[in-house]
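Next come two complexes built around chain A: one with chain B, the other with chain C.
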Partner chain A sequence: MELTTRKTKSLRKNEIFAGYMFILPCLFFLLFMAILPVFLTVFISLTNWGSVATDLSKISFVGFENYKDLFKDATFYTALKNNILLLFYTIPIQLILSFILAVLINKYCYFKNFFKSIYFLPYISSTVAVATIWMVVLQPSYGPVTEMLKAIGIENTPKWLSDLHWALPSLSGMVVWQNLGYDIIIILAALQTVPLELYESAEMDGANWFVKIRKITLPMITPTIFFLIIYETMETFRIFDQISVLTDGGPGDATQVLVYYLYKQAFRNSHINYGAAITVVLFIIVFVITLVQWIGRKKWVHE
Partner chain B sequence: MNDIAVNNKVKGLRLNNKIKVGKIAVTIGLLTFGLVMILPFIWMISTSMKYEVDVFTFPIQWIPTKFRIIENYKEVWFGDAPFALYYFNSIKVTVITTFFSLLISSMAAFAFSKLNFPGRDKIFVLIIATMIIPDQVTLIPRFLYFKWLHLFDTHLCLIISMLFSQSSIFFITQFMKSLPAELSDSAKVDGAGTLRTFLNIMLPLSKPAIATMAIVKFIWSWNDYQNVLIFITNAKLFTIQIGVRMFTDRYGSFYSLIMAASVSAIIPLFIVFAIGQKYIIEGLTAGSVKG
Partner chain C sequence: MKRFARLLSTALTAIFLMSAALSGCSAKTGDTPAAPSTGTPAKTVTLKFYTPTDEVTNKQLKWPEFIDEFEKKNPGIKVEMAPLVANVNNDEYKKKVDLMIAAGEQIDLVKSSALYELTEWIDNGVIEPLDDYAKNAGINLSDEYKGVTPYNGKIYAIPEEITPWLVFINKDMLDAAGLPIPSRDWTWDDYREYAKKLTKGEGANKVYGSFMNDWSNFFAVGTQSEIMDDPFFTEDNKLNFEHPAFRDGLQFRYDMENVDKSQVPYVDMSSQKLLYRNQFFSGKVAMVCMGAWMVSDIQLIDKYPHTFKTTFATYPRWSNDSKPNTSQLDGAGFGWSINAKSANKEAAYKFLTALTSEGLEMGHKKWTPWKKANSDEVIKGIIGPDESLYDLEALKNVIFDPQRVDNVVTRSGPGESEIIDAFTSEAEKYFVGGQSLDSTMKNTIDKANAIVEKAKK
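Then we have the complex of A and B:
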């Protein structure tokens, strides 16, 4: 009896030890790749790191100087504004389109899986390659899109990505095209969870398809739509690859966004401290959005 | 059969036919829209096989009248920008990243799902909570680590940057939780040792979940551009994504060659997608995000 309890005790000890050993690599990365970086970034944003480069002994606290500069920096506001504009240019159209397509694919067509794949292809494709394709397709003077517009009689075609007013919308078009498939797949998955009986009883009451979608489908998948809005918002704030390949933030600052500006300041101009301050602002924005999601889930979404 | 029954049957058939016609119409509509969606890809492939002078002819030559396939691709792969080398680097980084990321993730998943130790659930929640920290927030600290550790400008930076994957940990943990506890418990009592339980029982049983996350990880590491852009300056260490970028910069207006480069960067993804579609879609709908 005593022997067995001792045995289970040592087994238990072993299990605890093994448990920690198995998560050790993860803990290491959790600490150094997630938690510490947040504090380190905040710390750097409060110093004069950039101007003293590598000489660590000369680093000193400057309080909120970097933030003061940042809030006087017109480019920062332009970047923030562009990020927010991108939200409005991409998310509504993307959600409406993907909802319509998902509903159609789900019930009203043949070759369901084939369509799923086709629409999904741009999403998994490398953004660099995709952006390169769009660069050529949107070639301003004789690219195929321009030629097609000319062929149907539109003469003053915009210069797309090198046009001050069209650069951001062109970019948005590309983003919508690339991410549409993801939204479709997520909405399709949500549609599977709507109980069929609901539709059947609605049909018996003589509801037409529009009523069914408005009264049954939409309310049932609100949590998913809500998730997608948050997810796409986050993705929009993280946009980088396309800008780097296509526009370098230009023309002017027409496509300047937060992450690209942070990259430029921190790594091209070696203003590490300034880049850190932008990072902190970015993180706060993302954090607030997540918070809204947490609170909003309970308030607005009836699950 | 009486008249009413016949009548109803006819009505039903008509309704059926109506639904069928509608379905066919929608299918055609979706097909058209799908074609528009993949038009840029078709344009890419077609342009990569053209003579430069034919690139912008209008109406568009979807099938080139004169082909220049071998020369175009030869120039991309063995010309000034060594795509063969970029490919090798990409494969190396992607395979190592995927392997170790999944190893670390499944080890943790095993502990979180089948072992009992103090603080287990809290640590798990903490890991999941850090999902909200965007990659970019860790960019500057990582840059400094790599400088301090003299790892800057090595492939190790890229690999380390991508190893930690909260979504894999989450996904595999959920899967392992669904496996019956008796399997791992009986092994424990037998004194099989935790390591052997993990290697011989849990890993093989969790293959579907691991494969799913492996494909997802493969895609995002293959597509990684930002890390390479910032942490790699040595042209010999460039991966395919940055290779395409360099190629575009250098060949400016040789659009046929640029498209051949893009095809080269995208093709492996298309192949992986064709093979593992089901896994990819499942993995990405499991709420996992890029990275």
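Then we have the complex of A and C:
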């Protein structure tokens, strides 16, 4: 009895050891490539380290100076506002559209796989290619969209990407179009998990299609929708490449967002410390929003 | 604080090494010999020469041949040339150089591609002044080169290429409109008249008379010739936005776009990312204001198919009082420098001066800063064997005009790059019709003041 326990104990020890050995390479890279930079970022945001090439002996702690500057910086607030506006411009439309399309593709149409691929295509296309197409579509003086609006009698068409008020909505349009496919695929997968007998019994009770969707489908896939909301929120806060390719944050600061602004500050204007401070603030904002969503999920997510 | 610095540098080095190892470029740093500071010829010094251009470009410039010759002439110095980036990419190059310097890697020559980049490096103690080396060699750098300018009384860099600005004109369109080649002393008002007369058509097929790119130096065109040295700061480091050339210049561009409709609208330009070369060579615009670097593109008919001849005019004057053919000298004041941490500075200086004189002379592909260069050969090298697309006489008249005034930017004020950003973004709002001229000027000045205040802290 005693012998066997000791044996299992040492066996278990061995197994644990082997397990650690297996995750070691991965852990090593994670530590150096992800965790360490995170702490370094916090560190750097508290220093006066501007240019990367600064002699390291000249670097010193400045406490919360960078943060004080940041909270006085008008461009920072503009970028934050644009980020939040983007949340409202993209996520609701994206979710509603992708839900409708997913339900249609799932049940009410032929060539399912064809449509799945078609909608997924923009998601896997290069952002540069997608952006170039949208640039042409949204040509402000004689582009197809502008001409179409003019043809139905609208004068004073917006200047789209170079219009102070329309730049952000235009950009959101592209983002929604680009990410729609991803949401559709995820929701389609979720739809497969809804048990068919629920629909059958509902039909027996005489429920029509609307009631079925409203009372069965929607509640059953709330965990997926919850996941999508969190995921898309983070993605929206991290938006960078579309901005970089399409507008460079312009015109003026109309499409300035946090990640683009921190890139500009850190690498173009050589304020690594300031960029790091923006990163930390961005992290806190996303963390808080996610936390609120996480707490709020009990109210509506089906467990 | 020492400890903190060491901690930081250890972490940085670790990250840098990891990324270097991961990306597969095994950075060998071990085999460099100790530097012979006295210059004993017995030991071989190896210089690391990293370029912001790729190998193909370097070959076009004939740098490998030049390095062979240099090594023959200077036994004891070996030069290892390697591109640091794909294609030609100054931003990426600077980022990598910054990291290499921070990690203490050997890099003997560094190249800056804007004055504020260089001054930022100098302020951080990264760059070695060249004066003492020039004195030892018995030469005066400003006698040898155009566009070398001191910063805080010392010379830190030798340019690789310096280019004046000029106006490129489609000669077919000029002839069709019955206009003569503009005179040497034409003004921006004349330019505006020319642009009006050269504009034709409507909608997608419209040919615009003028293309001024969406760069901040074209937002207020007069500043280049009207304000000597740095347009954004006065000599005593005060902001210069009160200068009338800014306000009037903005209005000038706005009117050309919206009243005359003879300049490609800013909204089209920025939202479509219109490229000045494509626009000009495909015949969508008749005149382009650009730096002389575009001269060499005219011969590339595979890349830019076109049949018309290009003629050239001086950069116009803003007011009647200013001297004709005045423009900034792009590329002056910055360029190749020596890393202050280099162990082989003597050798690096030798290579640096050879590169910027004979090295450039060999390829004849750049507007060399070297005063002893053969100007006929330079022109020939730049335009290539076929002259048929060039109005060569006009080109020479503009570039080798003995009375040309080179406006060299030697100063740069606190937070200059951010101030240019602020000016750009406010001017953009004006050009897309988002705010009035008054508030544009007011916002620019407010933002710039805040930046200066922060930079001075």
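We adopt the following convention: the second predicted complex is superposed on the first by the 263 of 303 C-alpha atoms of A that agree within 3 Å, B and C clash if a C-alpha of one lies under 4 Å from a C-alpha of the other, contacts with A are read in each partner's own complex, and residues count from 1 in each chain.
In this section, a contact is a pair of C-beta atoms (placed from the backbone, for glycine too) under 8 Å apart; a residue touches a chain by one contact, two chains touch by 3 or more.
Owing to the predicted nature of the structure, the values given are computational and were not obtained by experimental measurement.
Partners chain B and chain C clash in the overlay (superposition on chain A).
When both complexes are overlaid on chain A, the residue A:267 reaches chain B and chain C alike.
Between chain B and chain C, the partner in contact with more residues of chain A is B. Shared-chain residue A:231: touches chain B; no touch with chain C. Looking at the shared chain after the overlay, A:120 reaches chain B, while chain C stays out of its contact range.
By the touch criterion defined above, A:37 lies against chain B and chain C together after alignment on the C-alpha atoms of chain A.
When the shared chain is aligned, chain C comes close enough to touch A:59, but chain B does not. Of the two partner chains, chain C is the only one touched by A:140; chain B is not. Using the contact criterion defined above for the overlaid structures, shared-chain residue A:25 touches chain B, although it does not reach chain C.
Legend: residue contacts after superposition of the two complexes on their common chain; A:186 is shown touching chain B, with no touch to chain C. After overlaying the two complexes on the shared chain, residue contacts for A:212 are found with neither chain B nor chain C.
When the two complexes are laid over each other on chain A, chain A has residues 32-33, 36-37, 40, 54, 135-136, 139, 142, 267 in contact with both chain B and chain C.
Residues 22-24, 26-27, 29-30, 33-34, 37-38, 40-41, 43-44, 47, 55-56, 58-60, 104-105, 107-108, 110-112, 115-118, 120, 123, 126-127, 130, 132-145, 147, 160-161, 163-164, 169, 188, 194-195, 198, 219, 222-223, 225-226, 229-230, 240-242, 244-245, 248, 255, 258-259, 261-262, 265-266, 269-270, 273, 277, 280-281, 284-285, 287, 289-290 of chain B are the ones that touch chain A when the two sit in their complex. Chain A meets chain B in the complex at residues 11-12, 14-16, 18-20, 22-23, 25-27, 29-30, 32-38, 40-41, 44, 54, 101, 104-105, 108-111, 113, 115-130, 132-137, 139, 142-144, 147, 151, 177, 180, 182, 185-186, 189, 227, 231, 234-235, 237-238, 240-241, 244-245, 259, 262-263, 266-267, 272, 275-276, 279, 282-283, 286-287, 290.
Against chain C, in their complex, chain A makes its touches with residues 32-33, 36-37, 40, 43, 51-61, 69, 135-136, 138-142, 159-164, 247, 249-254, 264, 267-270. Across the interface of their complex, chain A is touched by residues 1-2, 4-6, 8-9, 11, 14-15, 18, 91, 95, 97-99, 101-102, 120-121, 124-126, 203-204, 265-268, 270-273, 417-418, 421, 425-426, 428-429, 431-434, 454 of chain C.
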